[in-house]
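We just call them A, B, C and D in the order they show up, numbering each chain from 1.
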Amino acid sequence: MDYSITKFLWTLLGLFIVTNWGMLMSSTMRRINARVSGRIGIPWYQPWIDLVKLYSLRTQLTHGTMFYIGPVFRLMGGVGMFLFIPMVYGNPIWSNYSFSGDLVLILYFQFFGMLGMALGASEGGQPYSAIGISRGLSQFTTIEVPMTLAVISLAIQYQTLSISEIVAAQQGGITTWTMWTNPFATVAAMLSLLGAFGHSPFNLVKAPNEIPIGPPTEYHGTFLGVLRTNGAILHVAEAALFMNLFFGGAGSWFELIIKTFLIYFWSVFVGTVFPRFRIEQSVRWFLKVPTIIGIIAIILFL
Amino acid sequence: MIKKWIILGILAGMGLIFFDLFSAFRGNETLGKTADYYARHGAEEVGASNIVTAIVVTYRGFDTLGEVTILFLTAAIISFVLKIRQEDILPNRPIRITSELLDSASQVIVPVIFMVGIYIFVNGHLTPGGGFPGGAVIASGVLLMILSNPNFSVSHKVIAWVESISGVGFVLLGVMGILFAGGFLDNRVLGLGDFGKLFSAGIIPFIYSFIGLKVGAELSNILGAISHAQNEKN
Amino acid sequence: MEYIAISTGFALMLLGLWGILSQKNLIKIVLGFTIFDTGINIVMVSIGYVKGKAAPILDVINASEAANKIVDPVPQALVLTAIVIGLGVTALMLVYVLKLHREKNSLDINSFKDLKW
Amino acid sequence: MVGPIYIIAVALGLAFVMGLFGKSLKNLSEWAMLAGLGFMTFVSGQWLLEFMNNTRAVETIFTAGFKPPYSINLQMGIQEAFFTFIINVVGLLGGIYLFKDLKQTGPNAMMVFLVFVMSLNVVVMTRDMFNLFVFLEVGSIATAGLILLNNNGNALQAGMKYLIATGIISSILLVGIIYAYYFSGSLNIDDILAANLGASKVTVIAVFLIYVSVLLELKPFPANGWGIDVYTAANPGIGALVSAASASASLFVLYKLASLGGAEWLNYIAIIGGITFVGSNLIGTKQESPNRLLGYSSIGQIGLLTMIVGLSNILGEKMIFIASGILISHYAAKAGLFWLSGIINAKDIKGWAALRKSPFLLFLFGTFVFALIGFPPFPSFFGKWELIMTLATGGHWAWMVTILVGSFIEGIYLFRWLGYAIKLDHDELPDFKIEWNKIFPVWIMAIVLYAVGVYVSPLTEGGMFINYLPLMFVLFLFAIDFLPIYIKNTVSIGGIIWYMFHIYPVLENDLLRLIFAGIFLIGGVLTLMAGYNKKGTRKGFYPMAMMMYAGLIGIIESSSMLEFFFSWELMTAGSYFLIIRGKRSLPHGYSYMLFSIGGAYAILFGFGLAFASGFDTSLAALGDINILPTLAYSLLAVGFMTKTASLGLHIWLPGAHGEAESDVSPMVSAILLKAGVFGLMLLFLYMDRASAGANNLWYVLGWVGALTTLVGNMSAAFQEDAKRLLAYSSIAQLGYILFALSIMTHLGWLAGFTYTINHFLFKAILFLVVGGIVVKLGTHNMYEMGGMIKKMPFSFIAVLISIIVIGGIPPLSGFAGKWLFYNAILEKGWYFQGALIFFSGIVAFLYLYKLIHSIFLGQLKDNHRTVKEISAWILVPSYILIIGIMIFSAFPHWILKPIETMIAPYFSSQALMWDGTKALTSYGYWDGTTIMIVVGTAFVLLLTWLIVLSAKAKKIEQFNIVFAAERPFRPETTHVSYNIYAGYKKALGFVVAPGITIFWNVVSTFVLEVANWFRRIYSGNMQNYALHVVLYIVVFYLIALGGF
C-alpha cells in the first residue's frame, strides 16, 4: 500500500493519458458514425476544442448545491474507476490504487458517478433529465444481469475476484485469454457492454432527438466540461476493465490502447447498424439472449 | 317431504338405540345393592313404612329439595314472565258464564279436595302418596275454583306466605338435621316414634307437609298467573 | 310383564320424539314432550320391577323380610322427582308458547326464525 | 369454616324468603340477593384458600346423615372449591352487573338468579348421579327464565329453543342414569365409575347415553344452534353467566364423569371437543353481532376445554394446570366481554368503535381479546404452552394442529373486532352510559386475568425465570399515561438507558445478543427521541412502545423457550398496538396480527417438537431436535419469517409500516424486524448442519430470500407512497439478510450481520426523516412533493447518505455487505441465487432515485414554498445514526472483526482474513479505510477543481429551464415523478403482480365461504335444532357403538 506523493503523481500522469486517449476515441467514433451516414464528420481534435470552450465559458448557471456537485460525483465515478483498475499488468505504478479493492469494488463504484449525476441533474428540475435518468436506471438494471453472470463465471473459472490475478492467469499467450477459455462469459459481458456504453440501440438515456441528451441537458459550461472529461476517462476505464477480464490485459500502454480501441469500437459498430430500442424492448432484450448466454457460462463451470 | 324421511330416518336411529336399551334390560330377580339396603334398613333407620317416602324425603331428600326448587323456580319465572303492566290490563274481559252445575258443585267439592290433598301429604310416610300428589290435589281444587269463577283471583299474599314459610321451613328443617342429627335433611331430629303411626318417622310428616303446602301453593300460583295473563290487552 | 311395560315406554318415547320433531304446532310439540316424558317414566318404573314382588310399603309386609318381598323402591322415588321436573318444564314451555303466541299471533314453529346464523 | 352445605341452604332459604318481602321491602331483596351471593363466594373462597394453603383432606358432606351410596353426598375438594368459587364470583359480579335489570323485573327474577347460581354449585359438588340430573335441570330451568330478563321476541324464541333442546338432552341423560343404576345397583357416581360399565357390550349403552347428554350440554358443534341463540338473545349479563359459570359447571361434570367409559371414550370426547373448537370458531369468522360472536367463541373455548378433558390420559398430571389456565382465561375474558357488550349495546361489532370514547374500556377489551387468544401474561398463555409441550411429548401432532388452527381462526375474528374498536371509521358512535355497577365487574375480571397470569407463571417449567421487570415499567407508564409527552418520553428513554446499563454486564460476553440488544435499545432511544416532536399526551403510545421493547429485550435475554415465546408474544402485542395507531392502519394492523399469530403458532409447534426431543426447556433444545427435525426447523423458520416478512408472508408489511405514525415506522421497520432476524440466527446456529433436511431448508430459504429481495425492490420502485416505498425496501433488505444467513458460511453470516446493522442504521434514518417530511407536507405521495432540498437540506443529506448505503456504493458501509455477498456466494456456489440477488440490488437504484428525486429534487410545489426543515428532534437521532454509518464505513474491521471471532466457532473455515484494515478472502480483498481515503481525497480534489473553475456560478430561478420549446410555469406538470418507471413496469411488471396477495385473499375468502356454508345449518328453526340434537345422538351412537 503506497500512499506516497510519487505514486500520486504517477497516477495523475496515467489519468492524463487516459483522458486524452478517451477524447481521441470519442472523436473517432463520431467520425465513423458520420461516415456511415455519408457525412464527413468532425476533425479528430474537436473534443479538445469543445473542452477548452466549455471550461472557458463565462456564464455559469446553477440550480443549486446538488446540481453543482453532481458533476463532481460523476467525475469521481470515472476517476475512481480508473483508480481502482490496474491499467498495465505487472507494473505497480500503473496498477494505481487497485490494492484497495477488487472487481466487486469496480462493479459498485460505477454507481457512484451515476447516482451523483442523477441527483445533480434532477435538481435542475428539467423533465428530460428525470426521464433520461429513469430510462437509464431501468436499462442499467438489466444490463448488469449478463455482466454479473459473466463476472460470477469468471470468478468460478479463476477462483478469484482480483483483477490483477485474473490478468495474471491469462498471461500464457492468446489462447489463455478468457475470450477463448470462457467464450460464453465473454459474449455475455460484451453484449452487456453495448448497454453500458449507451450507444445505439441502447442510447435511450441521452436520446438526442427525443429528450435532448437526457440527464445532462441542463448542464453547460464548466459543468458540461467536467462531464465530458469524465466521459473520456470512463470509456477508457471500462474498456480497460473488459480488456483485463477477457482479453489478456495489457502489458504496456500500447497494448492497452489497441485493445481498448477494439473493445470500444465493438459497441460503436453495433450502434451504427441498429436503431434505438424503446425502454421495455431494451430491458427485455438484456434479459433474454445475453442472460441465457451468461447462465450457460456459469453452468459450464459448475 | 324429504324432511319427513329424514325425521323417520333419525327416529329409526333412535329406535335402534331404544332397541339396544331394551335388549340390555334382562329383568330383575333380586334387589340391587342400594335397594336391598333400603329394604333391610329403611324401616328402622327412618321409621317410615312407605320406603319410597323414606327415600324421597330422607335418603334422597336433597333431590326432593331440588325438585321443590324446580317448582318454585317455575312459579317464579312464570309470574315475572306473565306479569302484566298495569296499563295493559283489560278492564272487562268478556267471560263465558259458568254453568250452574259446575258453580255449585265446585263449592261443595273444593273443600273436600283440599281435605283429601292434606290427608295425602300428611300420611305420606305411611301410605302411597306424599307432598307432591297432595300438593297437586290441592292445586286441582284451586283450578276448579278458577274454572268455576273466571274472575276468581288467587290471592298473591296468601300464596306468597304459604310458599315462603313452607320453603324456608323445609330448608330450616334440613339445617336442623345438620345441627341435631347426622346431616342436612336427616329426619332423626325428632324421635322416630312408633313405626306406622302418624307422628312417626322423625320430621318426615313435617317436611312432607311443607312440601305439600309449597307444591300446592306453587301450582296454584302458576294457575293463577296463567289465568290472570288472559287479562292482557293484545 | 316388565318387558311389555318397558317396550311400551320406549314406544311412547319414540312417539313423543316424532311429535317433537315433526309437528308444526307448538302446543303439539309440548304435548310430544309430555308423551316423551311419560315414556321415560314408564321405562324407569319398569326397570325397578322385580318379578312377583309387591309395592315397597311396609304396612302388610314385615320390615324384617322386606328385602325379599318388595320391588326396587329407588326408581319409584326417582320417577316421583322426574315427574315433578317434567311438570315444571312443561309448565314453563306452555308459558313460553303463550308468550310466543302473543308475540306473533301464531303457533306455527316456522314463524319463529328471527335468530339465525 | 362454614360448611359447603350452607351455600345451598342459605341460597335456597333466601330465595324462599324473598317471596315475603313484598313491595315495602322490595329494595331490600336486591341487597339480600347480593348478600347471599357474597356469602356463597365467601364460603367457597374460604375452602379454596384452605385447600391451597395446606393439604387439607377432601371434605365429604353426607346429606341425611347416611353414608353413600345410600344417601346423596357432596364433595368439597380443591377442584370443587375452585369451580364453586369461580362460579360464585361471576355470580356475585353478575348480580352487581344486573342490579338494575333485576330490580326492574322484581324479586322473582332475583330468586331465580340466586337459585341458578346455587344449582351450579350443587352440580359441581354433588357425587350422586341423579342429584346431578336434578340440579342440572334446576340450572336449565333457571336459565330459561333468566333469558326472559330481556323481554322481547328474540329472547322468547331463544328460550323456547333452549327448553326444547335441553328437554331432549336431559331425558336422554335420565335414561342413561336409570340404566347406569340398573347395571351398577347404585346412583353414587363413584360406584358407577367403579362398576366399569364401559367394559361390557351390554352395559356400555348407559355410558354412551350419559356421555352424549353431558357432551350435548356443552353445546358441541354443530348441534348447538339452541345454545348460540341463547347467547345472542339473552341479556349480556346472562350471557356472561351462561358462558362463564354454566359452561364451567358443565365442564366439571364432564371431568367428573370422564373415566366412566375408559380410554376409547376419552378419544371421542377429545374429537368432539376438537371439532367444536375449530368448527365453532370458523363460523364465528362470519359473525357481525357481538353477542352471537361471543357465543361462538364461548362454545369454541369450551370445545377446547372438552378436548383437553378428553386428552386427560395423554396430558397426565399437567391436565389440571392446562385446563385451569385456559378455563380461567375463558371465564374471565368471556364474562368481561359479555358485560362490555351489555354496556355498549351495539347490534354490530362495528359499533364497538364507540369504545374509543372510553380508553379504559378499550384497555379492558384489549385485555380480554389477548387473554382469549393466549397472549402473555395471561393464564391461557401458560396453559396453551404446557398443552402444546405435553402433546408434543406424546407425539400427538394432529391434536397440536387442531389446537393451533382453532386458536388461529379465533384470532381472525377477535382481532378484526378489536381492530374495529380501535380504529374503524364510524360516522356516528353510539352513546353508552357508564354505570359503576356495570364497569366494576369488568374491571375485576381484567384484574383477575393479570393476577392469575402472574400467579401461575412460576408453575410452568421455566416460567419462574420470566423477567417481569420490563412489564412493571409498562404498567407504570400506563399509570402515568395522562402526563404530557415530554415527561413520558423522558421516562421511557430513561428506562431504556437504565436497562442498557443493567443488561450490559449480562450480555458482555455474548456478542450476538449484545449486537441485537444494541440495535433494540439504542434504536429505541433514538427513535423515541423523535417523539419530543409531538404535542399533547399521545395516549397509549408509551406503554405499548415499551411493551414492544420489553418483548424485544426479553427475546434477547431469554434462555428458555418459554421465556423466548413469552417475550415474542409480548413484542407482537406491543407492536400491533403501535402499528394500528396509524391513520389508515386498520386493515394492516389486522393482517400483521394474523400473520404474527400464525407465525407464533408455527414457532410454538416447533418448540413443542424441540421439547419433545429431549425434555429440555432451554433454547439449547433447538440444537438437538430428533423428532421430525426438518418439519420443526421449517416451522420455526416460517414463524420467524413472518416477522422478517419474507416472500409469501410479506403482504402485511407495506401497509403496516407505510401507514404507521412517523416515529413508529422506524421502530417497527428498523428495529422490530430484527427480532425475526435474531430468531433466525438462533435457529440456524442450532440446526444440525449435517442433516439433509436442514441443508435443503437452507437451500429453499436462500431462494426465498433472493426472490423476496427482487420482489421487494421492484415493488418499491413502483410505489408512489414514500413510506410504502421504504416498507417494500425493508422487505427486500430482510430478503438479503435471510439469504445471507441461509448461506450458512462464515462469509455469509458476516454479510448477514453487515446487512442487519446497515439496515438498522439507514432504515431508521429514512423512516424518521421521510416520516417527518410526510407529516410536514401532509401527503404520502411523492409526486406531490419535490424540491425539498432547498427547504430541508439536512434531511436531504441524511437521505442521500442512507441511499448510498442501501445501494452498496463505495465507500460507505453498504458496499461491505455487497462485497461480502459476492465472496460468500462464490464460496458457497449459489451462483444463480447470487445473480438474482445482485440483479435485485441494482433494481434498488430505481426506487432510491425515485425517493430522493421525487421528494428533494425536481420542482418545488407552490404550496410548499413556506415549508421549513423538519424538527430537530428527528434530525438529531438521524445524524447520530449517520455518525454510526460513517464509523462503520471507515472502520468496518472494528465491528466485523469481533463478529467474526464470535461466529468463528460455528463455522469450519475462517474464510475472512484481516491484514490491517484490509479484508481478504480466497477470492478477493477490500480495504474500507483505504477506499475511504482514496475516494475522499479524490473527491475533495475534484470538487476544488470545479470550484476553482466555476466559482462565480450564478443561481437561477426554479423555472429557468426550457423543454419542448416551452418555459414551464406549473411545478405539478413539470415534476417528473408519477409512474416514472412505466416502461420498466411494462417489461418486468409481472414480477410484482400481486400473486401473493391474491393467494392470501383466496385463502381467506375460502375460509369465510366455508364458514358461511356451514352456518346455514343454523336455520333458526327450533325444530331443526332439536333434530340436530337427536341426529347427533344417533350419529355418535352409530360411530361409537354401531360397529362402524
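Assume a contact is a pair of C-beta atoms (placed from the backbone, for glycine too) under 8 Å apart; a residue touches a chain by one contact, two chains touch by 3 or more.
Keep in mind that what you see is a predicted model, and the values were worked out from it rather than measured.
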- Message: If I rank A-D and B-D by number of C-beta contact pairs, which comes first?
- Response: A-D
- Could you give the separation in Å between the centres of chain A and chain D, each centre being the mean of its C-alpha atoms? 53
- Item | Chain centre separation in whole Å, for chain D relative to chain B (CA means) | 54
- If you average the Cα atoms of chain B and of chain C to get two centres, how far apart are those centres in Å? 15
- Using mean CA coordinates as chain centres, what's the chain A-chain B distance in Å? 106
- Multi-chain contacts in chain D: which residues touch at least two other chains? 130, 134, 137, 141, 144-145, 175, 179, 181-182, 187, 1027, 1030
- Note on the structure: In chain B, the residues touching two or more other chains are 7, 10, 14, 21, 25, 32, 34-35, 38, 60, 63, 66-67, 70, 73-74, 77, 81
- Message: Residues of chain A that contact two or more other chains, please.
- Response: none
- Give the pairs of chains that touch; include all such pairs. A-D, B-C, B-D, C-D
- In the complex of these two chains, what residues of chain A are touching chain D? 1, 3, 55, 59-66, 68-69, 71-72, 75-76, 79-80, 83, 97, 99-105, 108-109, 111-112, 114-115, 118-119, 122-128, 130-131, 133-135, 137-138, 140-142, 144-145, 148-149, 152-153, 155-156, 159-162, 217-218, 221-223, 225-226, 278-281, 283-284, 287, 294-295, 298, 302
- Query: Across the complex, what residues on chain C touch chain D?
  - Reply: 13, 17, 20-21, 24, 26, 29, 33, 36-37, 40, 43-44, 47, 74-75, 78, 81-82, 85, 88-89, 92-93, 96-97, 99-100, 103-104, 109-110, 112-117
- Item | chain D to chain A touching residues, read off their complex | 787, 789-790, 793, 796, 800, 803-804, 807-810, 815, 818-819, 822-823, 825-826, 829, 831-832, 834-835, 838-839, 842-843, 845-846, 848-850, 852-853, 856-859, 918, 922-927, 930-931, 933-935, 938-939, 942-943, 946, 949-950, 952-956, 958-961, 963, 968, 974-977, 980-981, 983-984, 986-988
- Could you please specify the touching residues of chain D with respect to chain C in the complex? 130, 134, 137, 141, 144-145, 153-154, 156-160, 163-164, 167-168, 171, 174-175, 178-179, 181-182, 187, 229, 232-233, 286-287, 1015-1016, 1018-1023, 1026-1027, 1030
- chain C residues touching chain B in their complex are 2-3, 6-7, 10, 13-14, 17-18, 21-22, 43, 46-51, 55-59, 63, 66-67, 70-74, 76-78, 80-81, 83-85, 87-89, 91-92, 94-95, 98-99, 102
